[in-house]
Each structure stands twice: as structure tokens, then as C-alpha cells.
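Two complexes, one shared chain (chain A), two partners (chain B, chain C).
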Partner chain A sequence: MFSTIKIIATGEFRSLLRQKTFSLLLTVFLFMSVFSAYIGLSTKTTINNVYNETVKQMVAAGVKNIPTNPFLNAKPLAILNNMVVYILVIGALLGIVVGYSAFIRERKAGVFKILFSKPISKYEFILGKMAGTLLTMALVVAVSFVISLVSTSVVSSHILSLSDTVRLLLFYAFSLGYIFVFSMIGLFFAAYSRSESLALLAPVVVWILISFAIPQLNSAVGPTALLNPTSSQAKLPQSQFFTTVRAIVHPFSISEDFKSVGRSLLQGDISSYPVLSLLMYLTATTGGCFYIMKKYDVCAPESDT
Partner chain B sequence: MQRIITIAKKEYLDAIKNKLFLVLLVFLLVLTVTSLVVVTFDFPNKVMEYNKALKVLQNAGRSTAALRAPELAPLKMLRGVIDYLEIIGAIIGIILGYLSIAKEKGRNVLQLILSRPVSRFDITSGKVVGNSLLVLSVLAGTTVATYLIMWYVSGQSLSLVEMEKLGLVYIASYLYIMFFFCLTSVLALKFKTLPNALIVSLVIWLAFVLIIPQVGDTMDPDNQIPGGFFTSMNLTKPQEERVMAKFSTYEKVRNALEESSITKHYERLSFALLGIKNKYDKKPLGAIFKDMWPDSVWVLLFFSAMLITEYIVFRKSNFMLA
Partner chain C sequence: MEKNNKAIIDVRSVTKKYNDVTALDDLSLQVFQGEIFGFLGHNGAGKTTTVNILTTLLAPTSGTASICGYDIAKDSLEVRKNIGYLPENVRFYENLTAFENLEFFAKLSGIKKPAEKIKEVLGFLDFQGFEHKKLGEFSKGMLQRIGIAQAIVDDPQVLFLDEPTSGLDPMGIKNLRDVIIRLNQEKEMTVFMNTHLLMEVSKTCTAIGVLNHGRLIYRDSLENTLKRFKDEVSLEDIYLNIGST
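Our next item is the complex of A and B:
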């Protein structure tokens, strides 16, 4: 059983690495890893200069109670703040495309009829696909981790401390789990939908729901404002309506939980590690993939688009 | 002309029968309603926060001029709707553009159509006109739904000027969605493997709609802490402008980055017309366009450039069977 899963997983891993669209998304993701550090540094430098200039003008105007610089004690990893948003956005899309590609390729090529005439069970097949997908995502996340580690060390002019390195490692481990959830959603719809376009766009709709609609109900923050890393620091409305809605939607707010974990690990200004929603999504999506594979009709006709 | 109308009609009917399009349409309407409901229920919180801030400033003997009382203005409530049009409206444009080409390219029907006395110009025009009507219908549906909710929630009907402003946002939204329609049509025509065209469209969507505006937004010094950096320093707008004048190069780079995205132009124009940007609240159209004409021109240019590209690519595409 394990050798079959291993063969499928290795095949999946190699096949994904050869795909142009995967390479494109990977390049975008890795570029954003570097860019994130650059933006973080540039913004940090500017905001400190803006603070100094503000103080200068306030002193000239005779103001005595000058607030302290809110960025004075920022942690070295805080310059990677934007990475949280890039994983929410690019990482999730990368996951969807990888999950979708993992299933659609064989389906389009009509391999299933031959494949399942061999002594391979549907469970071995889907487990192999999941393992291959996870391996590919792990490689992407590992490269991103190395880029972040190097760029943060270069920016702060010293090697990151062990505790910061562990924090960064934990952040990327959590990110891997988050991206994997979306690759499972991509895989689920690739097996569920007969239309290729529907198979690709349905997970994007689910992603919009998870990333924008649920958090908006949770925090009343507008969809695009949610992409600002400071949105997770906004005060939550406490009216009856929002507390009731929050109680219902919060367990499904994986993106908000991801932001909290990211903020705790990178900025270190809070210590909140809500991992329950991630575990719940991981269970639901992998379970969904097993279920859909069990129900999958190998002989059903394909749609054109 | 008759041929264009026939193709346009078929495009329209094909799209409204498509399950994915219908799902996206319902999704857009549900989110539009959700965002309006959220704004309505969040209003008492905003009033409470305002009163708290007012009290703090009054107790400290400081000026309260910088504080703006929240108001449940109908047009301002549309901020979430614009946000969702930016995100899902663009995806509707992408899916319509993709389906418009894929349904014929995938079945090799285009070769058959082109063997009849129908020019490539007729086909492209028919597709653009049919989908334009569909996008306008979607926007009309969204506008009617939001109008009814706004009227129910705030009890106010829109004035003629507000209707004009809403109409202009409606036109800007059409141009914005059709930009993504044309973009995806071009990619679907160019790519041999159709789903790859869809993936690349989504990557471009991601860059234009989410990444570029996000990068510009997070580079804004005022956006570094909730509530705004300058507010936390108790600075007035003129003082803030004096400080930022020293960082004009940084601001120029940030602005140039934001301006490379059609989404940001569409957002700026819509926010100004709807009065979401306080500076333009209750201002006449002339005053708004005095400042916002570059954004209007950019939205139009992005759309026109992509429309022309679609005509050129369709004209030059080789549809012969391999």
C-alpha cells in the first residue's frame, strides 16, 4: 500500500514541478517573499523618519506631550508582516491551482479508466495525490522560509536569534497547513465538477468567502481593508448583532486566525495562537477529498469548458 | 449589424444559462447585501466611538475640529459594495471572457462559424455587445438591490445629484468589469491550453485587484497603526501634509505603484463620487471631476486598450485545426 502511495506522490511532485503555471505562481510567491522584506524595510525606515519629522514640527510648535514612537520596539521579524497577507492571497491561490492540477491532469488525459483497472484503490490514489501536493507545497514554503531568514538577517545586519528563527519556522509551518487546506479545496472541486472552469473557479469563490465575507461579518472591516496587516489590530465591534454573528462565524474564520497567529509569531505584540479552525478545515477538506474520490465516477463524460 | 445582434443575443443567453455565472451573480448579490447589513449594524458602534473620542478631547481641553461625526449617508454605505465589485465583479468579467471564447474554441466551433459569411469583426463585436449587456444587467440588478436596502435601512431616497453620481459609478464599474472580460478573452484566444488562460487571468487579477493596492496601502505611513499614525500623534490634516511634503519621493513611488492598477483608479473614482472620501462628500460633480479626471481617463484607457487588443488578437488568431 505504502509503495503505491509513494509512487503516486513522487509522480505528482515531479509532474507539478514541470508545469508552467505552477512555475509562474511559484515565481510570484517567491518574488513576494523577497519583496515583503523589502517593503517592510522601506516602510520601517520611512515611518521612523516621518516620526522624527513629526516630532521636529511638534517641538517647533511648542507641543510638550509628544507620544513615543510606536515603532520603536518593533521585532526584527515585523518587517515580514506583509508575508501574512501574501500567504492569505497568493499562497491560497497557489494551493488551489496545485490541488486542481493534481487531479485534473489525469482526468483530462483519461488515465483513470486504465489506472483503476489495476490493483490500486481510490484511497491509495487520493492519499498519493495528497502526499505529492503536500510535498510540493512544503518545498515552496521551505524556499520561502530560507528567503525570509536570509533577508531578515541581511536587513537587521545580524543573524536572527534562535527564538526568532523558531518563530519564523512555526509561522511557515502554520502557513503550510493553511496553503494545504486550499490545495485540498482545489482537489475536491477538480474531482467534483465536470467542467474545468467551474473546478477552478469554485474554489476561488470559496476562498473569497473564507478570506473576505466571513472576516467582514466577524470584524465589520471592509473586504479590501482586511488585506492591511493592521486590520487584525482593529477593535472588534461589541454590539449584540456582532457578538451573536461572531459566535456563529468565528469557528470558520481560518483567515482571521491565521492573521492572529502570524501577528503573534512575527510581531510578538500579542500571544494568540488559535489553531482550532485550521485543524477543523484540515479535517473537513481532507475528509471531503476522500468522500468525493469514493463517489467519483471514473466513466462519467467530460465537459468541454 | 444584424449578425452582431444575433451573436450578442446568443452570448447573453448562453451566459445566463451558465451555472458558474449564476453562482457568481448570486454570490455578488449576497455579499452586497451582507456588506450593507454589516455597515448598518456597525453604525451604532461608530457613533459610540465618536462620542468617546469627543469626550476625551473635550476633557483634555483640546480642539474637536478634526473629529468627524459618523453619518448613515446612503451613498457612503456602498463602500463594501464597491470592494466586492472590485473583487467579484472582476471575476465575473474573467469568467464571462473565458466562457465567451472557450465554449467555441474548446469545441472547434469557431472554424465552422468563420466558414460562413460572418466576419471576425462581427464575432468580436457580437461577443463584446452581448457581454456588455449582461454586465450592465448584473450591475442594474446590484444597483436596484442596494437602492432598496439603503431605502429600507436609512429611510432616505436618493436625490437627483446622488442618482447621477450612482449612475457614473455604474458606468465606471461597467468599464472595470469589461476590462477583465477583454483581458481574459485575449488570453483564452492566445493560449493553447484553455485552463492555463484562466489561471494566468487569475494571477493578473490577483496582482491588479489585491496585491498592488495592498502594497501601496501598507506603504502608507498613516496606515501603520489602526486609526492612523497622524491621528495617534494628534496632528491635523495641514500639519500632516507639511510632514509628508518632506517625503515626496517616497509618496510618488507609492502613488505610481498604486496607479499601475486599474482597480485603484476605479476605487478612487468611485469613492470620490460616493463621498466615501470625506474630501468629496456632498461636493458637486464639477468639483469632483476637477480632481478625479485623471482616474476617469485611466479607467477608460485601460478598458479601451484591452478592447482594441481583443479586436486585434481575434483578427490575427489562427483558428485552423492542427
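Our next item is the complex of A and C:
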């Protein structure tokens, strides 16, 4: 069983790496990783310049109590805050494309009949697709992790401590989980929909709902703060209506949870880790997709006589 | 290859319905080891549905069937280990080379050393030198060869061919016919071939079955058929004679 899953997963992995759409999104994603560090470096330079200029003026004015450089108090990983947003947007789209491509490939190629005349079960096929998708996304995230690790060390002018490295690793592990959820959604629609364009459009609509609509309902008062990696400072309304709406939609607000986990990990603020809800979402999505695909005969050939 | 009395394909009272349309109606059929069985019928007679059911791609509405003693419903994976299948209008992953496609399917068939086996099969088919070309560049005849290669890469006992000569030029048809006969004689494969080309049946098959509106209306060896309908000028006349009865 495992060897068949491995064969399908490896085939999927190799095929995705040759796909143009995937290569384009991967390039954008990795560029964003570098860009995030550049923004961090730019921020550091600006703050240092402003600080040095201010210190000069304060010294010239005879001020003796010079405040310390605020950049020195920032956590080294905080310069990667923008990665939270990039993963929220580009990462999720990349996940959808990878998941969609995984199932649409066989349909486009028209190889289902040959494939299922071989001794493989539908379980092995679906698990192989999931494993291939996960493997591909893991590679993307691993490369992004290395870029972030190197760039953060360069920007902060010293090698990251072990705890920061572990925190960065955890951040990317959760990012992988988040992207994988969207891969499963893409995979599910590609398997279910008869139309290729609908198969791609439907998960994008779900992505918009999950990433933008539901969090707006959840936060109610801070919709514009959604894409801000730092939490909204506005206090949420406490009326019964808002409390009820939040209670209903919060379990579906994965992007908010991801943002919260990401921010916590990068800024060293361990006050909130909604890990459980993220894991629950991941399990429910993967399990749900697997169950529905098992029930639905995705592999049956056309009813030609 | 001489046939023996062991039914390698055993179909019993199989019915397949697509909503209100009955594609197969109480089909019972036996194909014996070593036969090259030509399954004749007009378009829409139910030939492809029969092959889809026998290759475990489609579940029958009722009835049972077994291949090499394995039930198609209960032991579908065992059935698949013993069959090769070339669908009509065979298609592959076009962004992969011929070798990569064959390697993928060979691995799925459980071949431990796929490269060696692929070389052997392509040698048997006299089709070497194209392995590392992408299949998007292949002609219909070349694709058909790769289709045969993927079907026989694990030396199956039964080979299912669905309209294998469809779209081939005369040379391609002759080559394919030679390959089918050699597979039967040299590799002892039982061949089940859907076709509506009577010329092919007369030159390739050892037994025929005729399907009409989902019902098997005739089944015998080619030799007996030609004896029985000795007054008919051609196999086409025989087919029309059977079809009209």
C-alpha cells in the first residue's frame, strides 16, 4: 500500500515542479520571502538613521539621557511580520493551485482508465495525491524557511538563537498546515467538479470567504485590520448579537487564527496560541475531503457503451 | 496458442443499467485461456461497457464475473494484477516522456526494475529509440504502441483491447495485428478485443462473440463460424446474417 502511495506522491511532486502556473506562484512566493526580509532591512536602516540623527541633535542640545535604539528591543523575527500576510494570500492561492492541479492532471490527460486498470485502490490514489501535495508544499515552505533564516540573520547581523530558530521553524510548520488546508479544498473541487474552470473558481470563492468574509464577521469592527499582521487595537463590541455571531463563525475563521499564531510566533508573544482550532480545521478539512472523495466515484470512467 | 477448456473470463448474467437505459442485458459469456476473442457489435451495443466491467472500472448493476478465478467485485485488485488494458483513444501524461509514462505505470503494476522491463517490452514491440520523447509529439500509431507497452509491461494473463485499430493507418493496423498474434503465441496471453472491423477479426481472432443491444446473440470459434456460415461470401455477410436473426 505504502509503495503505491509513494509512487503516486512522487509522480505528483515531479509533475508539479514542471508546471508553469506552479513555477510562477512559487517564484512569487519565494520572492515575497526575500522581499519580506528586504522590508525588514529597510525598516531597520530607516529606524537606525532616524535614531542616529535624533541622537546627534539631542547630544548637540545637551540632552544627557539618550534613549536606547528602539530597534534593539524588537524581536529578531519581527522583521518577518509581512510573511504572515504573504502566506495568508499568496500561500493560500499556491495551495489551491497545487491541490487543483493534483486532481485535474489525470482528467486532463484522460488516464483514469489506464490508471485504474492497475492494481491500485482509490484510497491509495487519493492518499498519494494528498502526500504529493504535502510534499510539494513542504518543499516550498522549507525553501522559504531557509531564505527567512538567512535573511533574518543578515539583517540582525548575528546568527539566530536556537529558540528563535525553533520559533521560525514552528511558524513555517503552521504555515504549511494553513496552506495544506487550501490544497485540500482545491483538490476536493477538482475531483468533484465536471468543469475545469469551475473547479478552480470554486476554491477561490471559498478562499475569499475563509480569508476575508468570515474574519470580517468574526472581528465585526475591525475588517480593515484583517491583513495587518499586528492585531487590531480596537475593542470588539460586546453586545449579545456580536458575541453570538463571533461564537458561530470563529471556528471557521482559520485566517484569523493563522494570523494570530503567526504573529505570536514571530513576535515572541506567547499569550495566544489558537493551535487547537487550527489543527481542528486542518483535520476536519483533510478528513472531510477524504470522506467525500471516498463516497464520490471520482475515478469512474465516462458511461460510454 | 492452443486454447484449453479453462474459462479465464467468466461472465454470468451481468446486467448494466444507466438510469433507464439498459447497456447490458443478462450477459453470460466465457472466454477460454489462449483464445483471441473478438467481441463484435455495432456502436452502442455495449462492448465498451463490458470491457469496463471486466477491467473493474465499472460495477455491474447485477450479475457476477471473474477473471482468472478472481471476482471482479470482491477481488478487484487481484483482477487488475492479472490484466492489461488498452482503452479506445489511449491517452497519457503528455508532459512526460514515453519512458516516464511507462515507468510510472510499471511501478504501479509492481514491477521492481521498471527500466529493464520497459526496455524488454519496447524491444518486443520493435519500438525503441523514442523512449525519451514527450508523448505530445507522438502520432496515433506510436501512442498505440506505448499503450500496448503499458498494458503488457507486467506480463498479464489477459489483455483487453478496446477498438485497438481505431484511427490507425493500414500499416499501423497490420503492425498491431502482428503484435496481438505474437502476444498470444509467444507470451501466451488471452486477448479480449472489442472491434467492429470484421477484417481484423478474420485475420486475428480465434473466437468471436456478437453483442446486439446488450445481449450476446452469438459465440463460437472463428473456425466453426466459417463452417457454419459457409454459404456466406464474407465475414461481414455472416455478421449481418447473425445480426438479423
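The criterion applied here is as follows: the second predicted complex is superposed on the first by the 252 of 305 C-alpha atoms of A that agree within 3 Å, B and C clash if a C-alpha of one lies under 4 Å from a C-alpha of the other, contacts with A are read in each partner's own complex, and residues count from 1 in each chain.
Convention: contacts are C-beta pairs under 8 Å (C-beta built on N, C-alpha and C of every residue); 3 or more make two chains touch, one makes a residue touch a chain.
In this text, all values refer to a predicted model and were calculated from it rather than measured experimentally.
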Query = For A:Met58, is the partner it touches chain B (first), chain C (second), both, or none of the two (neither)?
reply = first
Ask   = Can A:Phe212 be said to touch chain B (first), chain C (second), both, or neither?
value = first
Query = What is the contact status of A:Leu24 with respect to chain B (first) and chain C (second): first, second, both, or neither?
reply = first
Inquiry  = Per the contact definition in the header, classify A:Ala191: touching chain B only (first), chain C only (second), both, or neither.
reply    = neither
Request  = Going by the touch definition up top, name the partner, chain B or chain C, that contacts more of chain A.
outcome  = B
Inquiry  = So in the superposed three-chain picture, is A:Ala102 touching just chain B, just chain C, both, or none of them (first/second/both/neither)?
reply    = neither
Ask   = A:Ile126 contacts which: chain B (first), chain C (second), both, neither?
value = neither
Remark   = Residue overlap on chain A between the chain B interface and the chain C interface 304-305
Request  = Could you please specify the touching residues of chain B with respect to chain A in the complex?
outcome  = 19-20, 23-24, 27, 31, 34-35, 38-39, 41-42, 44-45, 49, 79-80, 83-84, 86-88, 91, 95, 98-99, 102-103, 106-107, 194-196, 198-200, 202-203, 206-207, 210-211, 213-215, 217-219, 221, 223-226, 229-230, 232-235, 239, 242-244, 246-247, 250, 267
Key: Touch list for chain A against partner chain C, complex   = 4, 7-8, 11, 15, 18-19, 105, 109-111, 113-121, 299-301, 303-305
Ask   = Once bound in the complex, which stretches of chain C touch chain A?
value = 18, 23, 44-49, 52, 55-58, 77-78, 80-81, 83-85, 87, 89-96, 104-105, 107-110, 147, 150-151, 160
Query = If you look only at chain A, which of its residues touch chain B in the complex?
reply = 20-21, 24-25, 28, 32, 35, 39, 42-43, 46-47, 49-51, 53-54, 57-58, 61, 67, 70-71, 81-82, 85-86, 89-90, 93, 97, 104, 195-198, 200-202, 204-205, 208-209, 212-213, 216-217, 220, 222-225, 227-231, 233-235, 237-239, 241-242, 304-305
